[in-house]
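Consider the two complexes below, in which chain A is the common component and chain B and chain C are the respective partners.
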Partner chain A sequence: MVETKKNEFRKRDLFYLVPLWLLSLIAPDPYLYHKKEFKKKDLFYLGAIGLAPLIWSDPHFHHLMVLAGIYAILSLGLSLFMGYAGQISLGHAAFFGIGAYTTAILTTRYGVPIFLAFWASAASAAAIASFIGRPILKLKGYFLALATLGFGEIFLVVLRESTDLTGGVIGIFGIPWFSVMGFIFDTYLKQYYLTWGVLVGLFVFSKNLVRSKVGRALLAVAASEDAASSVGINVPRIKLEIFILSAAYAGLAGSLFACVMSIANPEAFSLGLTVLIVMMVILGGMGNLYGPIAGAILLTWLTDILSRYQEYSLPAYGMILILLLIFFPDGIGTRLNVRVIYLIGYWAKKKKRDEGKL
Partner chain B sequence: MALLSIENIRKEYDGIIALDRISLKVEKGSITGLIGPNGAGKSTLFHLISGVEKPDSGKIYFKGRDITSMEPHERSTLGMGRTFQTIQVWGNMTVVENIMAGMNQKLKGGMLSYGLWLPRIRRSEKGALQEAKEILDSLGLLGKWESMASQLPYGKQKLLEIGRALAMKPDLLLLDEPASGLTLNEIRHLSEKIIHIRQEGVTVFIVEHHMGMVMELADEIAVLHNGELIAEGTPEAVRRNPEVIEAYLTRRSRDPHSTLSPMEKVSQYEIKKK
Partner chain C sequence: MKKIVPLISVLTLILMTWVSPAYVAEKSLYKIGVNLEFTGPWAEVTKTVRNAMVLEVERINKMGGIDGHSIELLFEDNGFDLGRTAANMTKFTKDKQIIAVVGPFEDNLQATSRAIAEREKITNIIICPSNPMVRALKQKWAFNIAQSDIIVSQKLVDLSLARKYKKVLVFPAAIPLAKSLAEFYKRFGEEKGMKIIISQETHKPTDIDMTPQLIKLKPIIEKEKIDAFYACTAGPPGPIICKNLRTLGVKTPILGTHAFGFGFIIALGGEAMEGVEFGAGKPVVPDQLDENDPVRTINLDFDKRMRERDGVGLDQIAGHAHDTISLIYDALKRCQGKVTRAIFRDALENTKGHKNCHGIYNYSPTDHDGLSKKDMVFIRIEGGKFKRIKFPGFE
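And then the complex of A and B:
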């Protein structure tokens, strides 16, 4: 009776394909994500990044995108560690904080040029990662997650208690704007180009890693460590290397964060931030590099829009995350076309279904 | 000198002796088979050779070097390739990437040079892709080089695993029950491949349940029973060895698909071949 008509094709359905086709131009092509070479689509993204702040020239938008860019750098690094190497880290907020505090301390106390402090931040985050990575990367799965979580908490305690170095709960103020050879990034627009420039550079770097020997080793470790070592891949070493690299990304992001906010205090690097980044990686889609950037933009925007609704913002935020995870379990970029077809079909037929005609 | 030699190996698990006084030599250029009933210690010996586990006493030499305490990845770098009893292809990569990952150790350069995509990296990646395609061609998998490895059927995944091990250009190839789960036709195809691999100068060491295949392929066969080596020699000699016959007849195969003992399976296999 009713069931038989369900799959019947109507001409009107063809019109649904038009927005889908447009969407598929933008969305990371889900079924071809294993073809890792650069494509023409990447140029399109690059153009969009370059033009967006000029078309939408609104300081609030610029500031939001600066934050999104910083989070994107952070989640890009985490996605190399989580999405590719298949490990879990709940301590990346700490590396972010190490980067921010390195910049803060070097520039305000010792007057080091910010450009040098920027690289020193990456180096200090990497050094600490290599120090703690050796013991804790022997752990697997949940145990690794707990160990990194513990590291993040210890870092927070150290920040709050060592008042002489870090300024305690108050933090460090008056971090100068980012500047290179006399050029000061003092407006949101300039900072936009700074962060997204760094992001594009790191993205190209990551993509080169992913499509080459390193990416294959990471995926091999994620899928089967036994098989990886059977072809001569040094599993502990590659895990440590990628942990250090993702910590260095977090250090760079932290340094940019300190310059943009001109303040570093412990509240910014709490567990909440870690959860936010992990959420960005998962929502964006693991196992591809476009995902974490999409996730970072989405969540930064979402928090901003929802913050207008004050006490309703957190429940709504939770609801939206749950819905996104139900409808896009593999990330918002993955199978977008299929999901959208499903949703459109669902709403189009809802009325008829309610009337009992379908 | 033998390519691989095992000297007086002993391995215990919680007081249960899995292997005792095992000495074995694998000559260069040969196909050596290791057989034995279930629970004889075949897999344990295999793990000791590949480095997953370490022996309690005794030494293992590979190419004249003592590798007893080496990690698996170090042994692989020395030229020891292996496959797994339960398939371990990397399903999150394409078929060709699986093979290319096998070549990883031959590709030089650190993370930085890969991230910056230096010209020499570009060249070596291109060369690796070419080489991987040649290996896939020889295995008959070139048609599916771009599909995900997890989408291949079981038999092809087994071949892919061997291809991955061959991509390292190993001197010794360890095969852990390559015939398990394959149809008779696929086994025959696999046997041809193994003979072909040996002709290219790779020494092959097979641990196998499927007696017919080992009897047909191997130059030398070693028989394990209850953790001890009860016979060693050519297939003909092993087949006539009274101890081997007794070991196999008194302990019937636990293969759920067959009520035949392995020796009966051998004769069945030979009949089918004719």
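And then the complex of A and C:
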């Protein structure tokens, strides 16, 4: 009897350990690992990013990963604002659009080199965030969400009506490829390394930021603004700074998007995009820098895979999102191991539970 | 014995597969990618496109395909989204068996798909009238099935002149297609001495009630003594505008775009659609085409087949879908040797005098537009049906 129980225990142990070991390779848990492991896993990711397009060497993979990378930059910025500072923004598609249109206008109308336009996109998004951030960040919770939502809608109206500058609803076509000192990123493979290079750079910067004094201040603000204020943190200033930074990320992402798509059009920056980005952050896991990237990759591939189901793609997409939110309420990039242990344990013990033994 | 029975079964199965007629006869497929908005505001329209394309492909395949090669359609939904449209294009270019991609609809999506087609060297067939600016972007690998916005607008100006409309108020949708149609209508109308007012009020393809905008336009209609109201839109907003306008008591004649020639438009708008006039393709009125019209038989035949299978008749967009497949079939037949993307493109570019639902197609290295103004007819909605109208000197 004792022997049987031991065997069962061993089998179950193996059953848990194999998938957990595999998952630990691809999805680290920021709360559990030590600093040393952290570096090792980051190196693993960096290697994977570098090698993946060479292993799966087809334009579709490269292109989808370029899109995923652009969305990941956008959601990384939003994650700093939502996940770390605990604020809500439903207007990040507008900053994305500001970045795209800055690049489009500067390159097609004024012949500015794309490399300069890229940085100008971040600067313009940051400048506008600074301008609108001061009044609207005084709001909290739902009111802040509504204010940012309103900003996104106003931005769309401005785009549609400023026909001379933005091309109105038709938009701007013929945006050149990204290039630096004569090197043109004219293939999806080159664009992949460009996008993911920018993402890695921003990721490293973000990681240092969240571990710095500013990062800790952000976490304090997210926990309680009053408490943070009482320990000497300048809450309005820190909120504004992170809002500007997050908008600058969106501006950079927008600039890359315009170069890859060769078009800037109001429809691309509507509420639908905002919802998608927020979903990427929530599904990926807030308060975690890996989460938004995982969320961006997941949702980009999911929509692509579901496209073949035509009119059924939308209901299927909705169902999958609901299931993910039910089974991974903290996001797929946050405490994944804990969730997987629970889920595997749940199914493993199902029979016994049904028999009333548990 | 236990081992022999499964062994014999497996061998029999392999033998049956090997000698099966399908295995012997089947040649490689000619695959066509279809990148359309199956979800979003154009979902209803794209369903018609899909049904019509499938119907035509089934007919071709039943006839033995092209020298034994069947055509296969691969559908992907782009969700009315720029990123997904581009992703679908790259997915199609990845599969080397796919020789051409059909779609998307929207101008902004077209701009991206045309750019990808040009870079990846794959034919991109566009089935919606589009902005000349978009068409001018990349032409080598992109082919247009429908007329450009310029031709569609010229046809509507002809209709307006025939009706002696001097002042027309345009209510455009906030989409590139409508914006471009409104601007060209204004340009050509004013050249002919008409006064065209483009409303500052607009609407989205997803709007379900345009009463607020129309209330603001009603005083302009009355004050300016507008002769006709141009509902410059596509999809469901067309009938909604007509309904809202009539509910507000405005009796002004309504002009529509070619997109009013879609089958579901009358059903959606009901009585409010009575008297609406527009210029559209010949498939909208297949049974009312002239007896000597070279495309009458094609239209009647396809209309009959559509009614038998789907229970709905031929319309503007179903005609485009038919023409797309028919042009692909014709080009494939003319391809010599192994069909590659480049050979197919060249064959399509050499299309000359090919009769189809919408008209007679001619492509050349300098013209990828195919159709002209003479391939359009004037339509009036009367008694819940599309009725062809003629005006001496304008047809």
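Basically, the second predicted complex is superposed on the first by the 316 of 358 C-alpha atoms of A that agree within 3 Å, B and C clash if a C-alpha of one lies under 4 Å from a C-alpha of the other, contacts with A are read in each partner's own complex, and residues count from 1 in each chain.
FYI, a contact is a pair of C-beta atoms (placed from the backbone, for glycine too) under 8 Å apart; a residue touches a chain by one contact, two chains touch by 3 or more.
Fair warning: this is a prediction, and the values are worked out from it, not measured in the lab.
Room for both chain B and chain C is found when the two structures are superposed via chain A, with no clash between them.
In the superposition on chain A, contact is made by A:D58 with chain C only, not with chain B. Of the two partner chains placed by the overlay, only chain C lies in contact with A:M261; chain B stays clear of it. In the superposed pair of complexes, A:D354 makes contact with neither chain B nor chain C.
By the touch criterion stated above, A:S313 is placed in contact with chain C alone, chain B being left untouched.
Closest contact between chain B and chain C, by C-alpha atoms in the overlaid model: 31 Å.
Chain A meets chain C in the complex at residues 58-60, 62-64, 67, 160, 168-171, 173-174, 186, 188, 260-263, 265, 267-268, 272, 300, 303-304, 306-311, 313-314.
Interface residues of chain C facing chain A in the complex, by the touch rule stated above, are 38-39, 43, 47, 50, 74-84, 86-88, 90-91, 93-94, 106-108, 111-112, 115, 119-120, 131, 133-134, 137, 174-176, 179-180, 202. Chain contact summary for the complex, chain A toward chain B: residues 34-35, 205-206, 208-209, 212-214, 216-217, 219-220, 222-224, 226-235, 241, 245, 287. Interface of chain B with chain A (complex): residues 50, 52, 71-73, 76-77, 81-82, 84, 88-94, 97, 100-102, 104-105, 107, 109, 111, 114-117, 121, 125, 128, 146, 148, 164-165, 167-168.
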